[in-house]
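Each chain carries a letter (A, B, C and D) given by its place in the written order, and its residues are counted from 1.
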Amino acid sequence: MTLVERIDQAPLLLQRWAVSFFPALLQPWVAMLISAAAIIGVFASLFALSTLAERKGLGRIQNRPGPNRVGPFGMLQPLADGIKMLIKEDIVPLRADKVLHFLAPIALIVPSLLVYSVLPIGRNLIAMQCQLGVLLFFAIGASTELSIFMAGWGSHNKYSLLGSIRAIAQMISYELPMVLAAVTVILATSSLDTVNIVEAQAGGFWAWHAFTPWGAIALLTFFICALAESNRAPFDLPEAESELIAGHLTEYSGFKYALFFMAEYLGMMAISGMAITLFLGGWQAPLPILNFIPSWMWFFGKLACFVVLFIWIRGTLPRLRADQLMNLAWKFLLPIALLNIGLAGLWVKSSGWIAWPISVILLGLAIVGLGRLLRGSRPRGGKRIYRYAD
Amino acid sequence: MIPGVSIEEKTDPLQGQILEVSMGPHHPSTHGVFRMDVKLDGERIVSLKPVFGYLHRNHEKIAEDVSYLGSIPYTDRLDYLCSLTNNWAYCLAVEKLSGFEIPERAEYIRVIVGELTRLVNHTCLMGFFVQDLGAMGTPLMYAFREREKILDLFEGLTGARMMCNYMRFGGVRCDLPVGWIDEVKKVIAAFPRFLDEFESLLTQNEILIARAQGVGVLSKELAINAGITGPCLRASGVGHDLRKVDAYSIYSRFDFKVPIGAHGDCYDRFMIRLLEMRESLKILDQAIAALPSGQIIDPKAKSRGLRPKAGEAYGRIEAPKGELGFYLISEGGPSPYRYRVRPPSLINLTVLEDMCLGGTVADAIATLGSIDIVLGEVDR
Amino acid sequence: MLGTGILRGLKETARNVIGSFREKDRLPTVMYPEETVKTKENFRTFPFLVYDGDHAMPGLRCVSCRICEKECPPQCIFIIQERDENNKAVKHPRVFDIDFSVCMQCGICAEVCPFDAIKMDNIYELAGEDRFTGLLVDKHRLAKSNHYYHQIKPTEANEVDGRLAEDKRKAEEAAKAKAAAAAAKAAPPPTAAT
Amino acid sequence: MSIPFLIIAAVILASAWAAVSLRNLVHCGLCAALSFLATGTLYLYLNAEFLGLVQLMVYVGAVAVLILFTVLLTRPATEAADAVPTKRPAFWKGALIAITVGGAVASCLAVYAAPKASTAPELSIQEIGRLLTASQQNVLALIIVALLMTTALIGALLLAAPAEEDTKGGGA
């Protein structure tokens, strides 16, 4: 093993080294525990980092410095936030359903962490290689809706209830185009295994699925759905502050709120990770020359880009209305995703450049046509001419 | 009951229950302590009752008790975003009552600060409006960044950033400090850049268009019948601007246009304000160029112990939010016998239900944001 | 095309992010306790009483005429006039209290004072722990020297000083003229006897 | 019978019992969801990965949510705690249904006899896919199901279509 390979495989070697201290009977269990602990540790600290990045980034977008008091350049702000959350009073409304109110954050955080088990973070670095990795990701992701329902209903608050109903409707609607967008990749690689999918994209950035016509559209669809699935702006309707106070989070405080907050960020990063795995080559370096950089660094680098994109969009865009949100999912994303599957099939069967022009023309037509449908009778770009009174 | 018309209770088996939500008085986007009793069918609004008065401060009755001068600082606190125009409208009423002459320079200063106030108000409003649409405060922060510069100007001139208390009967309280006009010029010169950026950030944004176009439509007829004034009226397509209609003060000397919309929806109200700011900048340029020297207050006028002769007067101006009027009756005493404010925010708010019915909660929030209310003025 | 407006918005925010590192105009935050904005000369907060000379109480310009008390819109000034041992009114306040929790910083007291005795201060770091007595400020805490007034508002103070000096000169002249007149009246015309 | 199996079975039974016996309909729905979840886990434990994950996705992600939504939309949330009347006839009806269904299942099991665990086929996901799409009769069935679902979807759209005056409001 060369040094480069050693660094690349460092987490795995560390794990093996730690496991070797235990009797053989316990070794698989210990390995599993270590993987779980690593995932929780790494992604929880990434959550802390991304909250800091978000606050700093939003600050800069809004022409203010962001948190800069705690520690050097405000780097310890997440720590301060964490302590604040921990020692805050935990308020449970009098008429709330105590059990559901208590269980909801736990039921949310567990699947949020569980989905990381099938994300290949680097070469050979995956907690659980599973033949059905992509399916497992979506299946577990689907169960977060219930916990949001529990939170909204258990709080005994009309805003919470409205918020959770919105959240569930939104998540179910966007799950569909998201899964369909992922299906294109499954079609192309004929595998549901995330490791195989990443390996199919080896060689350089031109081999990534994002650089095919169907892959680009699927990535875009997937990304829009990811925004909606993780309840981020401009699809943050469930917790729309200006309308529903904080939606299903209204009655939560202290550590329970922190768990929700954490779940949101974990969900965001998990979905970004899935997008990277499916479309952007996972842990593969964009150029073969750059392979000396450890594979997990590529993964986290790409993840960081996604997080920045999420923050950037959040800082820029206003929020959609509930019905517009549904229209976007059902009248725009879903047909495009369906068409895209057909094009991916064409791509796989023809396996050549002939699919390029056909895909581009068909997708272009679909996007323009559906976009016009979505816009309705409004003039192009919503432009209006204003008169002046005499 | 009208013969031939039978009223039938329609019961739809698929009809759900009506959900009553009391939005406010402490709700993040009710712009203060304002409450809307909303009845929702799903997410559609079937009834919306605005409830206000949480911020009632007895302004009119207090004004009937203190001297004429003593009311000026209270008018600051009506629409606390634009205290200078409030001062102006009140002084105009008192000046009508007591027949003071306003010196040329004072008129120009009034126009300059009045238009600056319009810029302050409209930047704020646009920021708040987009904030209500859920934009994480970014446009609001940009708006506040620019507003801050104008508030600095106010601080330099009047000593306070928001509660200016600057105008006096027959003129203004103090003359412009040295170098103030240059600072104004700087701010005005930099302002179009901000407007351009703001426009490119928002006006073509598909989400804003989807959220604001066709939402909260106020028809021309209803606007006129309900006595709506200001940008809300002009967005509905009525070219009514008191600066043109009354040509009060010296507005007839300036070359500016009044933008009017055609649809009367939130987007039009938003855009009309943007365009109005550009017109305000034009007025400011002209006023600064023509600013004469001379007295700043009518030497005949006295502030303290003013006892206007018995009579009544109504002074109105085109405040940033609409027609702001003060109606005064004097019996010759040291304080007015009757003091009445015509607050544009309150009267523009009366059509809220008509604009919101059939829309969603999100639409109601957007519509409320686009009306531009300040609860200090609504409740008084 | 759908999405161009969104892209334009994203471009705008990106420009602001970059600008916040390069332009002062795009990062206007002032780190308050470490740095402060220099207040403008006209800036006003709460009123204070001006005194001449080195000693606060005897030097107060206030003559206890109570005009400010009457004109104050929220009625936050409370004055009792000083009386000497013969119970005769003295032109000096025995009590001069301003309730800062009521005062709305309008500056009308300073405007109406005919003796330039009350002026507007520019201190703003007034947070305290005592809500009632801490904000009810008496004449000892209100009194500040003319020198201080010159420091915070030089232009205005010079103007006031000039006006006061002018008034004083006029008053002296008038007194002198009066005295001269009186003297002229009192003294018998020198030629009358002859 | 191993310990994990016993635990999973206990959770399934307990949550299923709770789902039919609890007073609060929302709690019932959530318990049903838990029972679905545990069933999915059982499939996973028995190495039927595909079935288990589909169970999770369809039942926990969709059916349970559907049930909860139905509960919420048909009765006001605040009154959901009201007792569901449980009368004796209902109990007997339920018992009758349970016995019928149980009997049918038991007779089926009796007919096919107990499957031998060792002969369970190692069915990979590729094989499932091939079975569904490559063999003749399965394709037909798949297409029929697809058509049926499309019809149902269009029907649902027609039902949910807004009244005429609402159509102008939307559009993103």
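Simple rule for what comes next: contacts are C-beta pairs under 8 Å (C-beta built on N, C-alpha and C of every residue); 3 or more make two chains touch, one makes a residue touch a chain.
None of these values were measured; they are calculated from a predicted model.
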Chain located farthest away, centre of chain D as origin (C-alpha): C
By count of C-beta pairs in contact, the leading pair of chains: A-B
Centroid distance [mean C-alpha coordinates] between chain C and chain B, Å: 32
Approximate Å spacing (C-alpha centroids) for the pair chain B, chain D: 58
Separation of mean Cα positions, chain D and chain A [Å, integer]: 27
Intercentroid distance (Cα basis), chain C paired with chain A, Å: 60
Residue numbers of chain D (touch at least two other chains): 169, 171-172
Per-residue overlap in chain A, given as positions that touch at least 2 other chains: 61-64, 315-317, 320, 323-324, 374-375, 378, 381-382
Residues of chain B touching at least two other chains: 138, 142, 145, 201, 204-210, 214
Contact footprint of chain B on chain A as seen in their complex: 58, 61-64, 158-159, 162, 233-234, 236-237, 240-245, 314-324, 378, 381-384, 386-390
Chain D contact footprint on chain A (complex, rising order): 97, 100, 130-132, 135-136, 138-140, 142-143, 145-146, 149-150, 153, 156, 161, 165, 168, 172, 175, 190, 192, 320, 323-325, 327-328, 332, 374-376, 378
Chain A-facing residues of chain D, complex: 26-27, 30, 33, 37, 40, 49-50, 53-54, 56-57, 60-62, 64-65, 68-69, 72, 77-78, 124-126, 169-172
Residue numbers on chain C that touch chain A, as the complex places them: 1-2, 4-6, 9-10, 12-14, 16-17, 19-21, 26-29
For the chain A and chain C complex, residues of the former touching the latter: 57, 60-65, 312-313, 315-317, 367-368, 371, 374-375, 381-382
